[in-house]
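In the two assemblies presented below, chain A is common to both, partnered first by chain B and then by chain C.
The block that comes next holds the complex of A and B.
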């Protein structure tokens, strides 16, 4: 039981990173990123290929993931500048699908639909429980570091400018903020965080394949961020842990419902997720940790 | 009554103690069923899970394996590696299962096997990816594949195509390890016979129409199309092909070209299709037992409707026989006993009860399964023969058997 919970905490930590990524792009800056799974995949593949095929140490792989995510994020964001805002959402959705299709067809690089198995973790796997605890410590440390950094960023003048862009970019531009640059910066940082999450996922579970990076991942993260409060890194982080706890709880809840088939139990779980979202949006529109108004400096 | 902290503590302590009470009433051997109840594998997953349950019932009715009842815990893999990993972890850590049965897609099996290896338990799967046979994935040799590898299916396709006198085959594959494994195996074997391969199209899953891919293949005027496909996409592709009116021959794996396909499309569309299936001993007594159980559990659907359910039925039986043979509940001993009870030589047995009696009498048994004769090679792969079934007026007629 303990190692199951440790495992869940690691996975939840990875979701927390994704949620923080979305918090920065969507919650703070208002850039709807429906392609989170794509950036997640890019990071996973960047790190896995560098470490597995290139023989580089894992920290270098994580750096490669950050770089690959930032570059991809920058390119995606800049390529939509001439379009209206809504198009970013569509482009990112297409981007994630493109990443998945490339990953399943460029077999020389990604192993195709077989994926890449036996990715080194940087920690010895034969430690047993020790390996999982060490991974938990590492992932939690990263989550904590990103959380602190995001809090600082969001509270900084730069973060204030991002919120100004979110509320009304024309006003922000009139006030002398360089809207395009702010958006590109925020989106690239956000993509890099998602990529880092992907890299950690690959190294921890030792296996990645295109079918892991389904749009469902993106939807779950949106759910987590909505639940936690999308404008605050704390909200996003807590939301991610709650999401994993909730999803796993439905597994046990479905077991105790008497007289349902496996198919009905699966449907019940999906319904529970839907009902939870509706209830949340009805009673807690702004999430568990709603964004606070910042007082203007005196 | 107010709920004090003391009452909560007492209650939780009681809840924690519960499993021990249950255990005291009789030790069981815990087995996990991890099947694609939802997602791309959903046409097969429910049946797979129910047939594991049905086999376990039969085993327990025969007195259990080595004196212990088998206790089954079921989870949905959602045909997604990520969801499957969480479910597998729960089965391993919370339910403490000693084997996981019935993962379906290669991605799921590849993702789950590191966990089963870590926990030192068996994984019995129906996936086709060749990587599942060898290290690093199967480093501990705890993985058993109840399905012929897709490469072997492909080789059987090539034998059949040659025998039917086809000259210019084209291939279409569902983009996953299994689909591509089929067509790649075919193309390799076909080239090895000194033949020319035709157009090869890989299509993405979950499309409402495959017309573009289909036309690309039809435009090259092949005389046969060899498929690496599943039921939902095959149904769409054949319907769209029939609408074009082009005469064409098809060679399709048996899990896609099955009675459900005929039911969906009618005998006119499916006339002359060659379905290739590992010889699932349809005349064999194990298949009769499986078929009867399948009809009972699945609302009178025949066992031929779900080739994977026959495999999961065999998994439970093989595992239980291996436990009986090993006289042990240790993974290493069970693992070693699997080949003893499944491979020749030995007295051919069709059910767990029969096998148990033979083992008790000190005879060596050879379980001949419902899905195939189930003989495992050193990689834990089955090496079945393949039957060429021609669909004629909606009936599946086996014309001959191919050995590779």
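The block that comes next holds the complex of A and C.
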């Protein structure tokens, strides 16, 4: 039981990183990233490749994931930054699908649908419980560090400019903010955070495959961020832990209710996720931790 | 070989074109990319499948697909998108994703996740100038042509169609000219749903019916809508045909699995070099 809870907390931490990524792109800057699962995958594959085949230490793998995510984020957003923001959303959607197709077919690089197994963790796996606790500490530390960094960034003049871009790009441009550049920076940083989450996931579970990076992951993160409050890193982080609690609780509920097969239960849960997302957007758009109005500096 | 692929591409292109028509109408008039369009297609395919099993007639199946998808599309508008109309585009888009998952999960619960097929009679292909054309392809092309004729008839020959195009051009001007937004929106969502339903039915007949089919077809529909120019119905259909033919003809070179990636590449190229597409206006940040 304890090891199960530790496992869940690690996974929740990885979702918290994804939620923080989406918080920066969508909540703060207004850029909808429907390709979160794609950036998650890019990071996982980048780090796994560098560490397993290149023999690099894990921290170097994480750095590689950050770099790969930032570059991928920049490339994806650069084609649409001068257009309306919904074009970016469509492109990110396509990006995630394209990543999955490439990962399934370029066997020489990604192992195809078999995936990559035996990814080193950087911590000895034969510690048993100790391994999971150490992983929890490491992942939680990363979540905390990203949370602190995001809070600083969002409260900084740069973060204020991002919110101005979100509210009205014309006004932001008139006020002398470089809108295109700000959006590209925010999106690239956000993509790098998602990629970092992917790298941590791969090293912790030791196995990655294309079917892990389903669009469903992206929807889960949207639900988490919407529930927690999309404009604040705190809200996104708390939302992710709540999401995992919700998903696990419904899993147990499905086991208790008679006459529901595992597949039906999974579909019912997906339905609940869709309904919850719609209801939250309709009635509680600002989430549990609404964005705070900041006083203008004197 | 080339002619064979061309025929397959035209049928596939009509499917993409119809789906893209649904996407581009909503994008042009309600002004957000409707990510639920793909799953509206799936709903049409399942409705058609049930009707086809019960009646054995493809015509009845088409009617059921149009009715089911139109209804789902309208319900989506009334229950989800209309209350959110004043919100940022991002909220509408995320809500559309929620709707998409809701539809897909509901279909999964009701019909299960196994792939199902339309039981259509096998027939000898007709040979025209050395190209073998399956009769079913001719039937489907006919169905698509009728659906397109109907949709364009509504758009260009009726008063409500003119009003829809007016709203697409300039919502504020349309409003002060006395056009009732509610009527326009209801027609829009019914029309978009019906087009998606026919597309889903055709896709189901050509391939298999499964809960994921629409979501997987969504990217091609978006790509065609962008290539054709957002808000341009003619562009959507033309781009759908182009994309369908390109996907089929490229199959011998890049392989079956990279069809999706081809849509993505086309989309990126269009957005980079000609964001207004073939027939559209530019929707830039002013």
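In the analysis below, the second predicted complex is superposed on the first by the 271 of 298 C-alpha atoms of A that agree within 3 Å, B and C clash if a C-alpha of one lies under 4 Å from a C-alpha of the other, contacts with A are read in each partner's own complex, and residues count from 1 in each chain.
We take it that a residue touches a chain if its C-beta (ideal position, glycine included) is under 8 Å from a C-beta of that chain, and two chains touch if they have at least 3 such contacts.
What you see is a predicted model, and the numbers here were worked out from it, not measured in a lab.
Peer 1: So in the superposed three-chain picture, is A:105 touching just chain B, just chain C, both, or none of them (first/second/both/neither)?
Peer 2: In the superposed model, A:105 contacts both chain B and chain C.
Peer 1: Comparing chain B against chain C, which has contacts with more of the residues in chain A?
Peer 2: Higher number of touched chain A residues: C.
Peer 1: Based on the superposed arrangement, let me know which partner A:285 touches: chain B (first), chain C (second), both, or neither?
Peer 2: second
Peer 1: Please indicate which partner A:263 is in contact with in the superposed arrangement: first for chain B, second for chain C, both, or neither.
Peer 2: Both partners, chain B and chain C.
Peer 1: Does the superposition put A:271 against chain B (first), chain C (second), both, or neither?
Peer 2: Touch status of A:271: second partner only.
Peer 1: First (chain B), second (chain C), both or neither: which does A:113 touch?
Peer 2: In the superposed model, A:113 contacts chain B only, not chain C.
Peer 1: Applying the document's definition of touch, where does A:11 land relative to chain B and chain C: first, second, both, or neither?
Peer 2: Once the two structures are laid over each other on A, A:11 reaches chain B alone.
Peer 1: Once chain A of both complexes is superposed, is A:231 in touch with chain B (first), chain C (second), both, or neither?
Peer 2: In the superposed model, A:231 contacts neither chain B nor chain C.
Peer 1: Take the contacts of chain A with chain B and those with chain C, and give the residues found in both.
Peer 2: 101, 104-105, 216, 263
Peer 1: Applying the document's contact rule, which stretches of chain B touch chain A when the two form their complex?
Peer 2: 35, 37-38, 42, 45-46, 49-50, 74-76, 78, 80-82, 85-87, 89-90, 92-94, 105-107, 110-111, 114, 118, 129, 131, 136-137, 175-177, 180, 202, 204
Peer 1: Over in the complex, which chain A residues touch chain B? Could you list them?
Peer 2: 1-4, 7-8, 11, 101, 104-105, 112-115, 117-118, 125, 128, 205-207, 209, 211-212, 214, 216-217, 247-248, 251, 261-263, 265-266
Peer 1: Where on chain C is chain A touching in the complex?
Peer 2: Residues of chain C touching chain A: 27, 32-33, 35, 80, 83-84, 87-91, 93-95, 97-102, 104-106, 108-109, 112-113, 215-216, 218-219, 222-223, 226, 255, 257-258, 260-261, 263-264, 267-268, 271-272, 275, 282-286.
Peer 1: Considering only the defined contacts, which chain A positions touch chain C in the complex?
Peer 2: Where chain A meets chain C, its residues are 26, 30-32, 34, 79-80, 82-87, 89-91, 93-95, 97-98, 101-102, 104-105, 169-170, 179, 215-216, 219, 222, 226, 263-264, 267-268, 270-271, 273-275, 277-278, 281-282, 285.
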